[in-house]
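Listed next: structures, encoded as structure tokens.
Heads up, the next two complexes both have subunit A, just with different partners, subunit B and then subunit C.
Let's look at the complex of A and B:
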């Protein structure tokens, strides 16, 4: 792929002035891309681009405070970079952004629904509208729309929203379905008791590992998260569904108007709990009240960073 | 294999019902898109076609358990004095775990040396361990994250199991590994193994063949100690780790815990819950000092514990069953095999350090 070669050349040029450049390489299976921290030209040669570059490399940026780093981004990842810049959590002069047009990434949960145990997959190739997956039982050809991440089907920002180097022809926004919106609509149609029962049921299997939190590029308290503080001990160590759901509520509320819907929280959950819907709901509320969408405009001020006595769309005195 | 029995596929449900009628039965179930262990319920689909995401370790070592309950009591004679009444909580015991892969049960052989050894017996663990039986299912095929053969195990390893099932055409060959297991095979649903015993052998041989060439990880013990102070090495190894702890919670051989008192009004409970070395709080001292301040220090502990420190005090036994769960479920794709091999390579490259 020419654009991949172009971006590699640009990264090699920039490397001497950077601590590292974060991208992806092939992981433990043909379906798994894994973060790559490039420090030498040989590392850059391992860089991959394509449907298996699922993770969001912007997650690592705040860990490099005070250093200059490069990051290779998909369009959605660039939203996290923008939001981090807006919140002044990273400095523009400390990041070099490398972008390429993204044609979508795979949702491994959806692949597992089609082929069963993805640990047994020994080959996976995307050619245009088809993902071909080979298991010991043989090859399965799956239409791309059935295994693409939800966010990709209706992605409005396939090209990096901010970049210092961009290789390849920019792509138009995707015009497919929005399965996430459909899911949200179905949840919103539930009566409160039914909705609560739904969340209680799915959170039962949560193991309180906090992968959802640590994978999130905007969750920046990390080591000092209130879910684990010892003193004060805000949340109990109980593994009751109540405590687990409580933590999800905390995460979702702390991300209101900050979540870029990259989906890393849900993707990282080892037990596949569909927690992205909670973030989407809060984002919908923020969009409605403040006409704000996280990570799309580097100049905009996030709603939680401003205060107005009379908010235009919040009728405080009208009840 | 004279003790081997045959369970036809058509009798599986009847056998599960039989096991469930005499006590708690825990099976891998499909919940949403996940496969997790939970109580047997004929209405919840049983999932045996792939290994569960989480091993059944919580059956013996719960994610959270009450150790005791306490209440402050005012002295009726002298109200300036407060006493305390403490009530010990004894664990409810006894379960059969059906359908774990051999690695998921073998993990407990690592726990036993820590929690159930001469002179050091954890009563909560020991009681549950003694009352739990594991009916495991040998793997037909190894996945690309599996490396049980590197740590002296294999897809049909009986260590840690009470009954080992091998899938064969039309059903399962069942072998008793322990007396507890033999008792479970007394069911009238079990037929003599007959020709199926040979089929089981072939299935196992095929599974063994599906694994790559085993690496000798015994040099890791010294190699990891030699790399202890090489923070540059550990920074590189841990660069993509997000320090979440999913790897430890899903690991059948990770056993660290935290103890907290959860107060409510005039009393409370003392809980023991899973902790993990990937968490900042794990070694956070009361003074505020943390000897493992970064994810690099913490991942070093995880790998070092399994492949060096534990083998060092337990006669060379590696505290990893090679199940690959930490690899499969790591959101960042951290591969413990790569780290162990890199440490070994580093040691051969720089033998003097």
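Let's look at the complex of A and C:
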């Protein structure tokens, strides 16, 4: 792939001035991409690009505070970078962004539903509209729409929104259906008590591993997360649905007006709890009230970081 | 058996120290009749209220949560209630996705001199919560640990 070679050359050029460049390499199976921290030209040769570059490398940026780093991004990842810049969590001069047009990434849960145990997969190739997966039983060809991550089907930003180096031809926004919106609509159609019971039931599976938080590029408190501090003691270590649900609300509300819907929280969940719906709803509320979408404009101020004396869309409830 | 047995719900009120708490006091001094379901928590400013306080109360089994602060432009700290207004409005929009009726949470502004208005607010809100009935949270999650069960006849002022 020509653009991959181009971007590798650009990374090699930039590498001497950088502490490291974050990208992806092949993981433990052909379906798994894994983060790659490039510090030498040999590392750069391992860089991959394609449907298995699922993770969001922007998650690691705040960990490199005070150092100059590069990051290779898909369109959705670049929104996280923009949001970090907006909140001044990352300095623009300290980060070099490498972008390429993204044609979508794979959802491994969907692949597993098609082919069974994905640990047995020994080859996976995407060619145009099909993903060919080879298992010991033989090769399965799956239409791309059936295994792509939900967010990719209706992706509005396939190209990096900020980039210092961009390789390849920019792609148009995807025009597919939006399964996450359909799922949200289905939840909203439920009666309140029924919906609450639904959340309680799915949250019962939660093992409080905090993977959703750790994978989130916007969860920057890290060691000071209120879910784990004893002062203030927001959550006990009790294994109850109430605490689990409360943790999800902490995570969701701390992302109000900041979540870029990269979907890492839900993807990283080992027990597949559909928590993205909470963030989708929150983003819809923010969009509705403040006409704001997170991670699009590096100059914009996130809506909950500011206020207007006369709010255009908040109805001052008369009693 | 207390007169109110089974008739009272649990409502948590977060009141700004500088105005609404005074407003509630004014209502009390003026001997205005008020429903007794509300338990007041005094906070320094409505801007001090993390929306998570409200979520915590609701998940803990409160049937309703009321937040009351100074009227916009009257904040003791100049801008606390402006920030609060945005946060609380976002929370209110988000509660339905969790399966909690947005009517279980309201926020409003009452100044220290508005005893009459406080009476109106607390009466309206209490009626609203009674119309919604007891929260489904306790039925689904069980009673909150460390708190007495509020089922049936226990739901009364001790």
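FYI, the second predicted complex is superposed on the first by the 316 of 319 C-alpha atoms of A that agree within 3 Å, B and C clash if a C-alpha of one lies under 4 Å from a C-alpha of the other, contacts with A are read in each partner's own complex, and residues count from 1 in each chain.
The working rule: contacts are C-beta pairs under 8 Å (C-beta built on N, C-alpha and C of every residue); 3 or more make two chains touch, one makes a residue touch a chain.
Model, not experiment: these values are computed from the prediction.
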Contacts of A:49 with subunit B and subunit C, given as first, second, both or neither: neither
First (subunit B), second (subunit C), both or neither touched by A:246: second
Partner chain in contact with A:272 - subunit B first, subunit C second, else both or neither: first
Which superposed partner A:238 touches (first subunit B, second subunit C, both, neither): both
Partner chain in contact with A:256 - subunit B first, subunit C second, else both or neither: second
Partner chain in contact with A:98 - subunit B first, subunit C second, else both or neither: neither
Subunit A residues contacted in one complex by subunit B, in the other by subunit C: 238
Of subunit A, residues touching subunit C in the complex: 184, 187-188, 190, 192-200, 234, 238, 240-242, 245-246, 249-250, 252-253, 256-257, 277-278, 281-282, 285-286, 288-290, 303-304, 307-309, 311, 314, 316-317, 319
Of all residues in subunit B, those that touch subunit A in their complex: 31-34, 36, 49-51, 53-54, 62-64, 141, 143-146, 210, 236, 239-240, 242-246, 249-250, 258, 260, 262, 271, 273-274, 279-281, 284, 324, 327-329, 331-335
Interface residues, subunit A side, partner subunit B - complex: 20, 27-29, 32-37, 55, 59-60, 109, 112-113, 116-117, 119-122, 136, 202, 204-205, 207-211, 213-215, 222-224, 228-230, 233, 236-239, 264, 267-268, 270-274
List of subunit C residues in touch with subunit A within their complex: 51-52, 55-56, 59-60, 72-73, 79, 82-83, 85-87, 89-91, 93-94, 96-101, 106-109, 117, 120-121, 124, 136-137, 139-141, 144-145
